[in-house]
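Presented sequentially are two complexes of chain A, the first with chain B as partner and the second with chain C.
Moving on, here comes the complex of A and B:
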């Protein structure tokens, strides 16, 4: 199951990896120090990240270097410039950024400083979801240690480069992981996504040029700058280079966060890393990249885990977080849970999303309870088509519609059986009542 | 994130057991802390959400109307602006919680690995209904959306600390000493 280079989780394996002494003894800040010593032009850093083909790991897969290049030329734009690190990891199934923040906070700080150097940002804000207390505390401690060592703040390592890094705590809203919702939230407001344009690079935090990057994206940067774009492209696929962190959860023997090259088959991840489906059961369905990516049937488990292959299979790479459902799982219950989530998390600005998420939740809930109506499947499809693609300010509406359409596409018979039999055919009524325990 | 009560009701905006007039000032130590917090940002208001976290931690585990008024005064905002923010974010409570708050994630990855049994066990031990507070006021049980503990599911959050890879026996051990 190995045979490829790994780098993202290497330092995380060391005892005390979150401390500056351990991190520095194992390479942290070496790349930053060299850049500053050599006086490497910022444009060269952007060029190598662009050349590497690194795609954002927060879900959208947008090329990171290209995003950086949208920042205006500082010679012609005197506004302050900001980097926001998106650590609001909230996509159900996704738990990878947390590992990096808890175990290798200095790796993230070095990446953020290099990104800020490349884009000539004067400050970086790390927006951490409020529930991630350990991530927040470890990063804050790392910033304090790094500042004392001259690695954060004024004239870093005696160079002309200054950059502050500030921690910022969110308060539990999924929508703040959307980059413009994150900026609104960071400004102390309700996390309502902003219409685009303007894009963040033109007008972001406090009306200034801003780039928002996911934790894992930023974490890749020192490695790319150290070893070059050609090295990075030896891993992964042509259009999705590099390694990624795959969080595998659900019905597997060994759930966990694993490092693998993009393009690895989902079967290899499931069987070799996660030990296969648990309890010797058969695979029923799997969600490739977090709750917003449509579930796929067992027959597609050989699909390569990269952006293009999963798109061709009718789903998405998303955050690379695989959720596995065994043969006993009810896909209607799974759909109800995800629909409830999007109903809860819709910010309510756009009517398609506000109303659509609520109705999807209600309809999946009544089907699962055996109260589905004959035309409910048609209603789900028509609702979801009214919500996506790209009909709203942000992609939450799409994120709610996609899994709903996927379950109709791949498991229509199971939905129909629920409606026709007036109950969940996978469980007896008694088992459902016992399992519910609480009204769901 | 996202504590979702099972029987949603309108937030109680008027504390019934508190007849003292609204205090517009925050406690001095907290105020001093906020003075440092606002310096992180080019605009003072950006510190509002982190400030509300500190207020909730220090002032009874919830954001009372009086806390909102005090924050509004501190930030130069209208109380309704602060209410707008507080009511948007699931981590901020509009009602006082029990002495201990137990949150259980019930999103998909946790559900697949037994979250419903964990919720039932937590409710049994604490005597609190899911999404409510025990009659003795000792425990509140919150049903949460994804907490990012998917690969170590199921999980619970006790007073801000994660407990993961739970069995029902683990729940007994974790809460047994408190109940």
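Moving on, here comes the complex of A and C:
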């Protein structure tokens, strides 16, 4: 199950990898030190990240180097500049950033400092999901250690480059992982996403140029700068180069976070890494990249895990967090759970999202309760089309609509059976329950 | 100015304002809820969808309130895709709306009702129970909130942030549970609370004083000017069929009050609905003040004026510029210095609208040559003369209780909306209030504001200028006879 180079999780495997001494003995901060020693022009760093083709790992897959290049020229714009590291990992099914923050916080700090150097940001803010207490504590300890070693703060390693790194703990809102919601929250306000334009590079934190990057995106940067864009492009696919961290969860034998090149088939991930569907059951459906990406039927399990292939299959790469449903899973129940999540997490600004997420939740819950109505499927479809694409300030509305549409598209018959029979056909058949002694 | 193509016509648009303003400036109607030209646009209700083509990019449907105007942009407010998106948006907005229009004060002037009629779908599709929230939550002395009707446009929240700069409201909770709330349920404060009832595009925020008072389509509306301070905010006077004033509302005026007015002015219509109006005239007889013909009363006025040489003319700051001109002529005729009573500042001044000066036409009267005198100075003046003419709405009230102390030897002629029964009064003639007569006031900045006659004065009340002309005519005739 290997045969490709791995680099993201290498240091994480060492004992005490979160400590500065262990991390530095294993290469942490070497790339930053070299950059500062050589006085590499920041534009060159941006250029190599751009050439590497690294795409953001937070869900949207936007090219990271291109995002960096949107920051205005400091010669013409005297405002302070900021980097925000999005560590508010809250997409259901996603737990990859947590591994990096807990096991290799210095790797993230080095990446953040290089990114800040490239964009000439005077400070970086790490917005950590509130529930991630270990991540927060380890990152804070790492910052303290690094500051004591002259790696964070004024005149880093004796160079002319200064960058402060601040931590911020989220308070449990999914919407604060949206980059403009995150900025509002960092500023101390409600996490209401901001309409765009203006984009963060033009007017971000406190009205200053800001770039928001996902933890894993930032984590890739030292490796790209150290080994070059060509090396990075030897991994992954042409349009989605590099390795990614795949968090596999659900009905599998070995759930976990694995490193694999983009473009690997979903089947390989499921069977070779996660040990296949658990309890010897058959695969029913899988969600490729976190709950906001539409679920796909078992028949599409050979789809390559990269941005373009998954888009062509009618879903999205998202955060690369695969959720597996076995043959006993009820897609209506699963949809109800997802719809409840978005209903709970919608910030409530936009009409479509505020009312639509609630409405979808209510309909799925009603079908699940056995009170489905004949027009429910049509209503779900037209509601979801009214919520997406791009009809609202941020993409949460889309994220709620996409899974609903995917269920109707791939599992219409099962929805209809629920509505007609007034109960879950899987339970009523009793087959699985009888086989495994689960009370129906 | 930037040139854009709007519904097939090339037009000019202000590049500093969002696209929605250009649409409106050129008469193209696009519905809005969260957008208001006086507030920071947030683009959250998503109803103002229009189709835009920019350069080579394919047509997009965007919210007009957050879209900057760009040279050469082609805009279609009536594109099928734009209509479709607006229709979808309306369905979401109505999903939890209680549809209690028959008992809602906003019905008839409700944006949600109007746009639903214009472009919504005829039938609801939801089988779900509607949100149940507080129907009559008090937000202080002025405003009641119906949380069920609220569509969370946040105009009220932004009003306190952007206009009064004293934020008091916020959106609490999240998603479909969101509600408008003050911090810890404290009551709203300040002199500008009423504006949020105007701003509310639905019937969520209503004025306690206007609740269940009138169906808005029964209100007769006339442009007018607020009387409560020298700012002279542009207003609309709204009168129910029987003539009772039910509402004062701000009328947009870029140079004076924009879209706003203060609560003191807004709720001043009790003063316009004066009880005990004097319709006609009273003169002092054997049993006190007795009703009489206006013509007889005018003869008495002439007799009093001719019989006494030490005379005075004191007018109210409510008289209009036009009435002021007629009063100047009278002053000349009876050879007195024209004076208006100028009450003390009321202490309500702020940095937004209220000036604290309760004289709506101070500037206009000063421009005509009237001298301002305090109530004390007026009383001193009256005490020294043999007879005096007091003219104008509230003139007696503004001079105050000191009038009671005047010796009966001073003969007072009072032209006011109500009769004044004090020993010194010889004659009273009834006048129209400022909601019943036309004319102009000049505000603190020298801008003229109109008064619109929103209702008829009670039968028997004659026009102020006609009364003044009659007095003058009688005096002239007496001179000829002499």
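By definition in this document, the second predicted complex is superposed on the first by the 427 of 440 C-alpha atoms of A that agree within 3 Å, B and C clash if a C-alpha of one lies under 4 Å from a C-alpha of the other, contacts with A are read in each partner's own complex, and residues count from 1 in each chain.
The criterion applied here is as follows: a contact is a pair of C-beta atoms (placed from the backbone, for glycine too) under 8 Å apart; a residue touches a chain by one contact, two chains touch by 3 or more.
Note that the structure is predicted; figures quoted are calculated from it, not measured.
When the shared chain is aligned, chain C comes close enough to touch A:349, but chain B does not.
Counting residues of chain A touched by each partner, chain B versus chain C, the larger count belongs to B. Touch criterion met: A:257 reaches chain B, while chain C stays clear of it. In the superposition on chain A, contact of A:386 is made with chain C only, not with chain B. In the superposition on chain A, A:190 contacts both chain B and chain C. Residue contacts after overlaying the shared chain place A:323 against chain B, while chain C stays out of touching range. Of the two partner chains, both chain B and chain C are touched by A:173. Put simply, chain A uses residues 173, 190, 344-345, 347 to touch chain B in one complex and chain C in the other. Considering their complex, residues 42-47, 61, 63, 66, 68, 85, 88-89, 91-93, 95-96, 125-128, 151-152, 170-171, 173-178 of chain C touch chain A. Across the complex, chain B is touched by residues 80, 89-95, 97-98, 129-134, 166, 168-174, 185-191, 206, 247-251, 255-257, 287, 291, 321, 323-325, 329, 333-334, 337-338, 341, 344-345, 347, 435-440 of chain A.
On chain B, the positions that touch chain A within their shared complex are 1-4, 6, 40-43, 45-50, 52-53, 75, 84-85, 88-92, 106-109, 111-113, 116-117, 119-120, 123, 129-131, 143, 145-153, 157, 160-162. Across the complex, chain A meets chain C through its residues 173, 190, 195, 197, 343-352, 354-359, 362-363, 366, 373, 375, 379, 385-386, 391-393.
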